[in-house]
Amino acid sequence: MVFNPIQIVPELYQLLLILALFFQSLGDGSETPPAERWLPFFAGFGIFVAIVSWGAEGLLFGGAYKLDALSQFMKLAISAGFYVTVLNASRQPSLEERKRPDYFMFLALSAWGLMILSSAVELITIYLALEISSYSLYAVIPLRNTGGKGDPRAAEAGIKYILFGAVATAMALYGFSYILASQHTSYISQLAQCNWTWDGAPMAVVGLSLFLGGMFYKLALFPFHFWCPDVYQGASNETAGFVATLPKLGAVVVLVRLATLLKPGLEITTLLAVLGALSMTYGNLCALAQKDLKRLLGFSSVAHAGYIMVGLVSGTAMGLSAAVFYALAYLVMNLLCFWVISRVASDGRNLQLDDLNGLYKRAPALAFALGVGAFALVGLPPTIGFMGKFFLITSAWDHGYNWLVITLVVNSAIAIYYYLGLVRHAYTHEAGADVPTPDNSAFSVAGASILAAVVLVLGLLPSRVFDFAILAGKQLLP
Amino acid sequence: MENMAKIVFGFYTLIILGGSLVAVGAKSLVRAMVGLIATLLGVAGMYMLLNAQFMALMQILIYVGAVCVLIFFAIMLTRADAGGEEAASAPLRQNLLALTAVLSVGGILGWLVLTRPLATTGVPVEVSIEKLGLGLLGPYGLAFELISVVLLVSMAGAVLLAWERRNGK
Amino acid sequence: MNAIPAELLRIIIGLVAIAVSVGLIGLVMVWVERKVAGHIQRRPGPYEVGPNGLIQPLCDALKLVGKQLFMPKGADPILFWLAPVLAFLPVLLLFLPLPVGDGLQTLDVNLGLLLILAFSGLAVLSVLLAGWASNNKYGLLGAARGVAQAVAYEIPLLLSVLAVSFVAGSLDLAHVVKLQGTWPWNWNIMTQPLAFLIYIVSALGETNRAPFDLPEAESELTAGFHTEYSGMGFGLFFLAEYANMVVVCSVATALFLGGWHGPVLPGPVWFVLKVSALMLLMVFVRWTYPRVRFDQLLVINWKWLLPLAVANLLLTAFFVKLAQFA
């Protein structure tokens, strides 16, 4: 196999950005243009760079690194997500001037880790890539400056994230040792040949469950969701916009790769299904009671993590494709919602539901975009959320987990209440006294409209993108 | 020889268990730390028993000699006296819950190991450091390089969070 | 009954010999150190007890053994007594893989160098425990200094040692010695002079010897981490310090100075001679250089020793690779 650098050019490009930011963070920043000015352009260019290696295929680095449709699809999604989050964070009011290069460096590093993750097919590599992405976030979350000093809520969020992360990591590694002890390999392609029934290899099953626990932590699946609402709430709006979106993609890609080991009817698959069902129900029920917008979205991610499980347990190529597609949908919808939140809270505060009151008068474009985002999160047509759920349901029906599909549908009905509550506040309530002034600049409106357009267009014409997802799924489960 | 190995195994197990009990139960943070060190040394002994001398020595060099010392340093910089906040004993309910958690997980795993033991692969063979090095730079080369990025991230993160520039500079 | 395995017998005999020699070395070194200090400061040093004061250290040792053991109020009793033991016991282990002569080695392991490096790390721990457990501010300060220093100086030490093992392609001390020749120009010091220099400087830092004796700086911290120890508690720390010096010098001899190689005289004699010369050097350094300030100490390490050691290691690796191709 000849090593061709073009194949991994998205990773190399991202690494170049990281290096540039690193050197900028070493200086005092007086000689270089501020990071938030130049980085968005280069991050935007990264999307095109990701397209260059679109069709790359191959197995690199001793078989630990696989380029296939799934990985390239995810890398493109990550580049795009990174672009939007960087753009979003470029006008962050709660970030100190001199910490900006570092802040963006860690965002870039986290995205880089996720890119590696989307190609890694060996458990140790997967684990390390995941750690790169998490460690970067550990450093970024406490960076929130309100009133001239560090925000204690952000510090608390950071500590919570680190402690939960450490436990999840320990669990994953402990599980990994059991997998290694009983199956004697850490390559997914070889693990796929092994026996994963409880009767055949109970130790491997326990090990894999523990290892999956580490991924569930990233995905915020019940019962590993505790950090999620707290971290979203504590971190600044822009940081939460990153934490809520991109790492989920990384977790999904690993779960999709590991799902190739699981056939329907295995104990571990049932475990996934049960956790998925619990996660949806718990997330949605908790979200009903939330007043803080970011907490609400936090519980909503818990629920969405449950939805993704529906695609993973079906054990078919269609199911995996649907999960991948849903991850993309989740990314876009949440990017849209966090974009609106960051723009509405122009002073960097935590938005309460009441802060949205009368948004249609103060910022009609943002209010409309928020409406689109909320509709998409519910899963109403003609948005990408609807198509995503539709694919999930059709792929999972009749593969032994119909009860899970029914749970999904029931949960979507519950979710309508609080998602549409956002729209209700924005359109039907009148503004109170202490509401933030939303950012109505061209930048803010353009970003919101483009994201809203993506949500709508992918909802109306999903076939092109979904074809890619199907290709990715078929390569994994021929 | 086999009996001797069993005795040594038992000895190391006792060290590990005793150390971890001290680490969890001690009132003073420094004593807990010493318990942790004992546990790590016991684990190093286990590696020795598995004929993985390199691992054993690295365990001592890195965990006992470096990591624990750094944790120790951090403890010393805080007020870790026995009258501190963390020294107060937890309420009974919390203790019971912790015990249940430990027993349920430990029970399942213990039951697994006892009733469905894995076939052992015979006497452990010593893996030379040449082999280890080739493995790290060959099939696990990417993982090896990623570790350095993880270290970079954690160091840069620590600097970012903890370092205050002196006024105005 | 089975006979005791030969390997075990060898280790037991070796351990006994090590324990005896550590005690003897301690006695001799105390005398040497006081004599050298005396002459450098233009006074005779001990000369009352025995010829030239030779019996003086023995009397001091007896006095130490006879002294009452005190523990300060509020100290942690377990940790307080654990510390000196922890300082002394690992040192005995460090002697195991030292090749005194050809085949004259207690434990023939192929990771001998690593073993020494691993267990010498425990010495820091004892400093920490002693300083913390004595419930004394000087002790605590000494311990805090000890950690910052030991953690820092361990890195260039490791890196300089690694450079030599790169060249030799082994972590086995005896093997490294075997690759060197009889005459000084066949020794590793000729190919790795920078590594030798870095090693000696960081070894002074690791063993807390002046000019890097900040953890026990007597003019600032009374006695630093062992302020509160009396009798043999103090004695064990004292012995461990000298034993550590011997180990450090022996490793330097084996790695850089050709170990047991030398013309005419038998191997072990050469080994002992070289080690003694290095020890004497350390004693001379102690009494001729003033103590550095703490920030200077860290600057020397992080800004000079570490970059130099890394550069040296990279160059060595490069040349080793080049030699493989050639």
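The first chain written gets the first letter, and so on, giving A, B and C; residue counts start at 1 in each chain.
As a convention for this text, a residue touches a chain if its C-beta (ideal position, glycine included) is under 8 Å from a C-beta of that chain, and two chains touch if they have at least 3 such contacts.
Since we're looking at a predicted model, the values are computed, not measured.
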>> Among all chains, whose Cα centre is located farthest from the one for chain B?
In response: A
> What chain is most central when centres are computed from CA atoms?
Replying inline: B
>> I'd like the Å distance between the centres of chain A and chain B, where a centre is the mean of that chain's Cα atoms.
In response: 31
> Just curious, how far off is chain C from chain B if you go by their C-alpha centres, in Å?
Replying inline: 28
>> Can you work out the whole-Å distance between the CA centroids of chain A and chain C?
In response: 53
>> At least two partner chains per residue is the criterion; list those residues in chain B.
In response: none
> Which positions of chain B touch chain A when the two form their complex?
Replying inline: 108-109, 112-113, 116, 118, 138-143, 146-147, 149-150, 153-154, 156-158, 160-161, 165, 169
> Inside the complex, what are the residues of chain C that reach chain B?
Replying inline: 76, 78-79, 82, 109, 111, 114-115, 117-122, 124-125, 128-129, 132-133, 140, 143-144, 147-148, 150-151, 154, 171
> Taking the complex as given, what residues does chain B use to touch chain C?
Replying inline: 28, 30-31, 34, 37, 53-54, 57-58, 60-61, 64-66, 68-70, 72-73, 76-77, 129
> If you look only at chain A, which of its residues touch chain B in the complex?
Replying inline: 22, 25, 28, 60-65, 98-99, 102, 105-106, 109, 113, 116, 120, 122, 124-125, 128-129, 131-132, 135-136, 138-139, 142-143, 181-182, 202-203, 206
